[in-house]
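The structure appears right after this line, and notes come after that.
Naming follows writing order (A, B, C and D), and every chain is counted from residue 1.
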């Protein structure tokens, strides 16, 4: 099921992540390997031009065959081959290169675990019956703590991936950046705060919006975030647990960059720059439990009342839109070959999001992690934290 | 799975045909009936404006719930209620009206049996693997007989439904029409004949096409019928049995009105008028077995060599495009209420096809039967028989 | 200036009509003629595929050069050549063929005289200042006479062009048609009657509309005819004399086929068939003065109160939409060569209008005249006369 | 004449620049002023939402009235009023604010002087006759000098407007930026170098393009810059002097950001960042004559052979695409009121260009000047200078 071109069917995610291992590991590095099905390269290549033609993205939903069962066979067969090849790989001279590809394949699959859930949410939301994907967790009581501001000093900071662990190429190289004094809000913006923006006429006041954003509002006759629905007795929100009354204290989610930016302007603040969030999380990283996929909640949570530090929710809950266009770091070079298409070619007309979400697999995220989507995208768990110049 | 707005998912066809019985029979005429699921009216109403809002046609493919199993329960439940109600209905004063609705519901379901197969064919054709729906029948040998012309005399003829049997409202009233002398080809146009048109540059010669047709050719960069594919060793054709070499003697299928019209012009002939085909079939109806859904072949067949009359293939194989715009017969009145939307409101920018196809259920067709599609439609089994003025 | 693809700039009309004479008369039949400017064929060919490539229709408005002055030189030069060649032509054996082309060129230019005014009206209507093309005539007082019905008998009638005068190929051949008993309204539908349709919710009731028409209403959020504007103190109408209060007694104009058809259904009537209007005008042709371009009014006029016969306004005022799809008459053959593209290739997805309008040049119209436009077209002076079955 | 939504008619430019003075100076600061025509605000407001509704940009070409003559009257009347008011303004307390608006109005008009020429070029290029706007200057002989690289040191630099002169808000505030070591090419890329990219298959190799750029290439079937045309005897280029043979030594012009970026990747280099070009021009500003509008050439010129410094053509000839997304400088604040819409709201999905072009009015440009267009825009005189990391 493919509810819009950006969404992929569950079956496709399952097959594509296995195709990634088959293509970049087995087919390229195991001379004795023969493809499970030569047609699968065409069907399950996502966007790697260097690997030849492929099934068009908007048509992924049309592929009724192979069946789900056969895709599961594919996953099993490739997994078994890969496991069987590991000892041989590890004994080779090019093992560091192969190991890096295995690492990449695992992180790639984790990205698709997140997309799989955001895509399923989008599909179910198209259904007038508003079906639930999952039972709701026990209701969470509580109020969001008052918003406070935390200041950071002007100066030269180091930005980008640090250390030996895994990182995508777009997080490198680590480099110096001059940062002017700024302040960040202590928590994410809530549904209640966003509702005040709506009730103050936010979607009708052109002066709050970027020019492209205002066109987007009018072309789509937009008056609320993607999954909000106005009911007779107040706002509802479509979630992975079905349609629920809007909780005013939860972080607002599924905003476009346009909406996040307009809200910030209305609030007398601005969106953070991506380096500001990276600096913040390095200095004041999450002390308590993180609401990511590991929590099983599948929905953003109210910020904890008992403050565990100056900044809450820096990790998990919702991806935080920044005002930073997605651009190459100074000295950036994509790796050679088809995997070089993983990130670099998308550095155009996209904006960076930071911090991970409630459906990001546990352990997937890093402080230098750069997610990116076009300014109109709403179907990810994307929200906003306010920032200010000092 | 919905491969284009005109195509509906199999599950939708199954539910919609049951919804038709539930809505027009049980809900309207059985006061004790309570709906199987009140949401289904929104999901499975096709186009009846009088019955309120409904799920948009291009979004039928997005409905992952209810599941197929629940739709089957729906079919079973409504069928059982209907059967249980029959005796009661038959005892009532309005039984003739109810009986007519039951009749309509059955013919409606037969129409969807045909659409279900043409829709599945379209879905499978989008798949680069070209999967088969069904095993191919034993290969048919033979050659199409030579084309001959059969003449009909000028005069006033009666056109439209005759007798007591079932007919759609658009086949009525029976009325007089002045018909000028004409001749019809003895059989359908074959793939081989159509290939000669292609090889003669038919798709590149603007003078052969209607103006709208020429725009359609260029906008779609069209060079062959919908399911033809040029392979290294000649033409192939996607069928419900998968991809097969093109049989030159079979009737050409899946033409648009534009293609049928251009071919006829190239051949020095013209498309028939709908009344001409009705006159022909009344005078020279099929004597032998008909290649409709009852044959199980699911594909057009070569015309029988041993001629059984002056005109072959008047019924079954492929729907025959006419030059007749789909218009109301003199004195036509749609029935009152929502069922009045069945035919009348579509009498605009569509063209009539006659004769039934290889996937029309046995017994569904009548000589006065009017099928209709827009001039660009190709996904039905639609072909062409040539006509001439005398 | 080109306000939509259907509209052509005034300069283009001036050049194209001269190009028609240059191409079909001088270049083809005068061996000594050399083209005024070889580039003009590309610029000013409207749609004749047989004459090669041409400037795309939607781009006509982009041609700032040649200047208007040079186009006027072009007109003068071609006119002079043509006049100078006439005696020579008249002495030749093929004079009848040449004379027929001259006739065609004159009628072609008359058609463009009408289009020039409807196109200018459309251009000025886009301007928020609503400028007038022409001073308004003295205001006309009066009331539309009551609507009456006039009946016609069932039988076989002859339809199509009769006699030796000029006619387009699409009016031929004259042929027999079986016509069922019908009645026509004595005058055109008025603005006041159409306003009642609007106020009765006509644009909001799907049951009144053809399915394509209802899509057209919703896609365009339409609530009134093309040039109507709702002002604080009632309806206004943009005319060639600028913005004016709506006169309730004038014929309604600038309806699409969809609007005419929906109005007729709301009124418990139907659109006429084209043969019905041809029969009516032959039997009860206009006795009094006709409101065509000769009247200088450039706007439809109230039907005369002193009835001059059973049927008023059969000629002039507004083109009358029929329910007849534009199709070939039995035995129709387009002439050979490029002029064969004049009419025949447009016989698809268009509807016939009859009777001429207030901007049709005097003497241009005939009882067998068939105008045709797509069902959504509104920018011609197009209105409606009601019909009924007997 | 409006050949695409981005292009405005000449008459509109003339009226809009006067409207700017009338609106922001006279109407706002001269209490006795009455508007020349109250409708002009609707017609000639470009994009200031705070000033109310306005005529849609894509429809500017439809406004045949007011005439050019009346627009000239408008310009004369507003100019006279403004001159007459100057002494009174200068005596007031808010004179600094008013003087700044006058300054802004003048720079605004200079921007439109440039747009007027690029828009006229685009309009004339649509004409199959390829008319010239202006006589060609005397042909320039010569060869582009060899390309050399000039290095710049890593460190903290000050970026942004400096001093008391005029600048747009988007050039402020001046701020510190950490810049890594880089090198710039000594001159612009030439037509000959770009032709080598084409001949090496540049438009057919997906690996060279940003993902959005590759979509743009395929959707538009692009194979060369906007105004290049392949003739039988080699490449031609449409210029303001008409169609001319391509000069291999002239700078390539009318590239999109996508093309500039793909060329740089093919050349083993990258696009500069905007701060790199600002640093370069401050350190090595143009010593010799600049090819801007003052030269009267209206076309880029070959770089001078006798080098006048390490870097040529930093100013004039063509705007230089950078890899920098157009974003707010740290601490940026748009001015209050409608003039705050001048720049800030466009900081989304646009890329910065630096250096001015051959049609930028003399004296208009500054080293901190930031021009910006979407990545697909080609109709400005936009080219490329290569950069490298050190």
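In this text, a residue touches a chain if its C-beta (ideal position, glycine included) is under 8 Å from a C-beta of that chain, and two chains touch if they have at least 3 such contacts.
These figures come from a predicted structure and were not determined experimentally.
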Ask   = Common contacts of chain A and chain B?
value = none
Query = By mean C-alpha coordinates, which chain is most distant from chain A?
reply = C
Key: Chain centre separation in whole Å, for chain C relative to chain A (CA means)   = 58
Ask   = Roughly how far is chain B from chain C, going centre to centre by Cα mean, in whole Å?
value = 36
Inquiry  = Roughly how far is chain C from chain D, centre to centre by C-alpha average, rounded to an integer in Å?
reply    = 47
Ask   = Any idea how many Å lie between the Cα centroids of chain B and chain D?
value = 58
Note = Within chain D, the set of residues that touch 2 or more other chains is none
Task = All pairs of touching chains, please: list them by chain label.
result = A-B, A-D, B-C, C-D
Note = Seen from chain B, its contact residues with chain A in the complex are 1, 3, 39, 42-43, 55, 59, 61-66, 123-124, 126-129, 131
Remark   = Per the touch rule, the chain A residues reaching chain D in their complex are 47, 49-50, 156, 175-178, 180, 206-207, 209-214, 257, 323-325, 327-328, 330-331, 341, 345-349, 375, 389
